[in-house]
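Going in written order, the chains are labelled A, B and C, and every chain counts its residues from 1.
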Amino acid sequence: MKFPSPVSIQWISELIGASIQGNSNAFATGINEIHKVEEGDLVFVDHPKYYKACIDSSASFIIIDQPTSFPENKSLLVVKEPFEAYLKIVRHFRPFEKATTSISHTASIGEGSYIAPNSFIGNHVSIGNNCIIQPGVSIMDYCVIGNNVTIQSGTVIGSDAFYYNTKKNRDIWYKKMDSCGRVVIEDFVEIGANCTIDRGVTHDTIIGEGTKMDNLVQIGHDVVVGKNCLFASQVGIAGATVVEDGVVLWGQVGVNKTITIGKGAVVMGQSGVTNSLEGGKVYMGYPAEEAIKKRREFVWIKRIPEIWEKLNKG
Amino acid sequence: MKFPSPVSIQWISELIGASIQGNSNAFATGINEIHKVEEGDLVFVDHPKYYKACIDSSASFIIIDQPTSFPENKSLLVVKEPFEAYLKIVRHFRPFEKATTSISHTASIGEGSYIAPNSFIGNHVSIGNNCIIQPGVSIMDYCVIGNNVTIQSGTVIGSDAFYYNTKKNRDIWYKKMDSCGRVVIEDFVEIGANCTIDRGVTHDTIIGEGTKMDNLVQIGHDVVVGKNCLFASQVGIAGATVVEDGVVLWGQVGVNKTITIGKGAVVMGQSGVTNSLEGGKVYMGYPAEEAIKKRREFVWIKRIPEIWEKLNKG
Amino acid sequence: MKFPSPVSIQWISELIGASIQGNSNAFATGINEIHKVEEGDLVFVDHPKYYKACIDSSASFIIIDQPTSFPENKSLLVVKEPFEAYLKIVRHFRPFEKATTSISHTASIGEGSYIAPNSFIGNHVSIGNNCIIQPGVSIMDYCVIGNNVTIQSGTVIGSDAFYYNTKKNRDIWYKKMDSCGRVVIEDFVEIGANCTIDRGVTHDTIIGEGTKMDNLVQIGHDVVVGKNCLFASQVGIAGATVVEDGVVLWGQVGVNKTITIGKGAVVMGQSGVTNSLEGGKVYMGYPAEEAIKKRREFVWIKRIPEIWEKLNKG
């Protein structure tokens, strides 16, 4: 999340009760989680295992639970509970807003767009022109819908990321990182019924122009989908994965988090994509491999009895 | 889709700007996509690869992008953009109707049927007697629900088919074929929560008498399900597949499009049905095969190390 | 289901038209299906195959279709159609109540809890303090939600069990056993969007404190989930299964009915859990096995061509 305007680190340190190490006259331009952090951003870290990754990231300001060495173009904000500090900042700039009506007065809806009964359009949502929003759709706060977009019944755009701060030494192990990112849906996208598209934790989940999804598809937080992709029913894509242009995922395909599926790849039904895939090829199975190899493997498995027999005869 | 009454081909050619080849005094009784076309119907084709299939189909009138040879009991309607012409005809006879209320004034709801709050009943929907429609259900335009049907919360009946006209030489590769088919749900059917049942593209998706579905089930366009079937949670069935009477699909089973699952077949959880299956047997795995064979295969795979050892000893 | 107060067996026998064998002066404290039955309960059985299991169960009163031998601390209620008798009792004590408003007047909602527009809160629902119920959620009759619970849009809590009385000699093979159980969600649970959690058939489905679920998760009837579990998107758990504390199920995992997943087990994405799993280990594949073994199996499969070659050379 970018702040509306640069925010003094001094002011932030007071908000969260941190002591500053390094330059205290600097200004932060936003706050992001580690995968999406950019120069000028705040980031937080609460375990020595991740100190180095945070210090080495693009972040300019690191909210941390103890002092450590850091380069001179960065500052540390030392605080006992960095995760709580992160939540405090996020909630200051993006406070929880109750909805008081089904269609928020702060939402903007373009010309020629139709919102069916029983739909929910949250605060600060923007919907372009000539969209069709069918009954029972929920579009949550701050999401952005382009032009000529169709969303079928029961779909949820902008549910919170499934992203937790984990500590097994407390009663409740998992505490949610409040999502302050958005979902951005580009022009000519069509989304089926009862789908779920999570907002980014601190950044945007993006569905590229002309992409079409069938029913019951799940798109995790911070996923970036290219143009002209086709996702059949019950596909699930985990957080922060990149799906390049023209990718086809057939029914019930599952895709791991933080990987990339290359341009024009086709993944056969029910496959499980565990690692990044090169574009332009057809994949199959669990873990997903090139279909031509996987099919040969299926044939080899069927030949095991023949091998056994030959071995015993030999 | 059948037209309300036979329509002059002359009139249609004017609507879509086509030139007629063959008998121009004929009357069309409906329009259907190639898989569901019947005598008297219009069909469209926009690629030479499919000319023969269309000419040889039951269609009486072929909307086509260039003249070709055809038998004398048929006519061609030659037009530059057959897909746009198809859309024009469909939209003429089935124009997009906005819903102005949660329960349409044009819907008919039988005696003893209960529609819970937050449900949507679209235009021209027909619901029989003694049905229970739980909260948050959406039943879209023209769908037909029989008697003694229960539909649990959040389910969508009559979402649009996931069916596109594809051309990769334009900016937006996929253009939706407007669905003008229906969903027809017969008596004593029970459907779980958050399911999605797509309408037929031009024909009907049918759920046979006494069939029961668990939650989060997906039924594609033009699927025909027989009587007394049982589908467990998260099953997905792709477009235009036939599931005969008494079939049991356990949880998370995926079924390919345009295939047939024979009477009384049972498919174990998570299986992937890629090809038609004979009735009366139990199936398992991906691709789904008879369970008895598949289980043996699992045993053989576990014996590979033994084979390797024996081979090296021998 | 426990009755509001003990009910005379004499009175029940009149309600269902049964003849009593054994002590007719006894009082029943509830009615339960066979998996959940306790002392003092009624149970029903309508097939000789299950007579012994019912007679030997904790049930005190057996509704049965013909006399059979039974121990002296129990009674039989003999009636022609035991399943219809069961329904009659359930419907007497838990009659179907229509909802007349989106938020029932008989629901109790704790301090600081927020119910977004378009949500449905059924009769006799109890919601604790500081909960967030997002738009389009349906919480069905009698469900109990603890404190600090978040439920995202479109989720259904308390849909009916997918549980049927089956007889293939009638027109409609499957008749639903009316669910009179509840869903109980403990404190600090978070549930994603478009999930479905079925109520128990006669008992409770329970989600333990601090457990977090992603979107499109299915939880079957009478499932008991422990504390601090993590279920990723599109997980499905079938009826009456027990998931102990701290279990992690990654995306699209399917879990069989009436099994137990031990404390702290981790199941990799898309796995199919067919049998109970010991706690503290990592599992993978279909059927799910220890990941370390499964990975070795994957390697062995890839070596079949090498084995074949060696065999032919040898």
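A few remarks follow.
Definition applied: a residue touches a chain if its C-beta (ideal position, glycine included) is under 8 Å from a C-beta of that chain, and two chains touch if they have at least 3 such contacts.
For clarity, every value in this text was computed on a predicted model and none was experimentally measured.
Counting steps between touching chains, the shortest path from chain A to chain C takes 1. Per the C-alpha superposition, chain A sits rotated 120 degrees relative to chain B, a value rounded to a multiple of 5. At the interface between chain B and chain C, two copies of one sequence, fewer than half of the residue numbers in use appear on both sides, so the contact is built from largely different positions. One finds 32 Å separating the Cα centroids of chain B and chain C.
Shown for chain B are the residues in touch with two or more other chains, namely 118, 136, 154, 194, 216, 234, 252, 270, 301, 304, 307, 311, 314. Against chain C, the residues of chain A that register as touching in their complex are 98-102, 118-120, 122, 136, 138, 140, 154-156, 159-160, 162, 164, 171-174, 176, 194-196, 198, 216, 218, 220, 234, 236, 238, 252, 254, 256, 270, 272, 274, 286-287, 297, 300-301, 303-304, 307, 310-311, 314. If you check the complex, the residues on chain A that touch chain B are 114, 116-118, 132, 134-136, 150, 152-154, 188, 190, 192-194, 209-210, 212, 214-216, 228, 230, 232-234, 246, 251-252, 269-270, 285, 298, 301-302, 304-305, 307-308, 311, 314.
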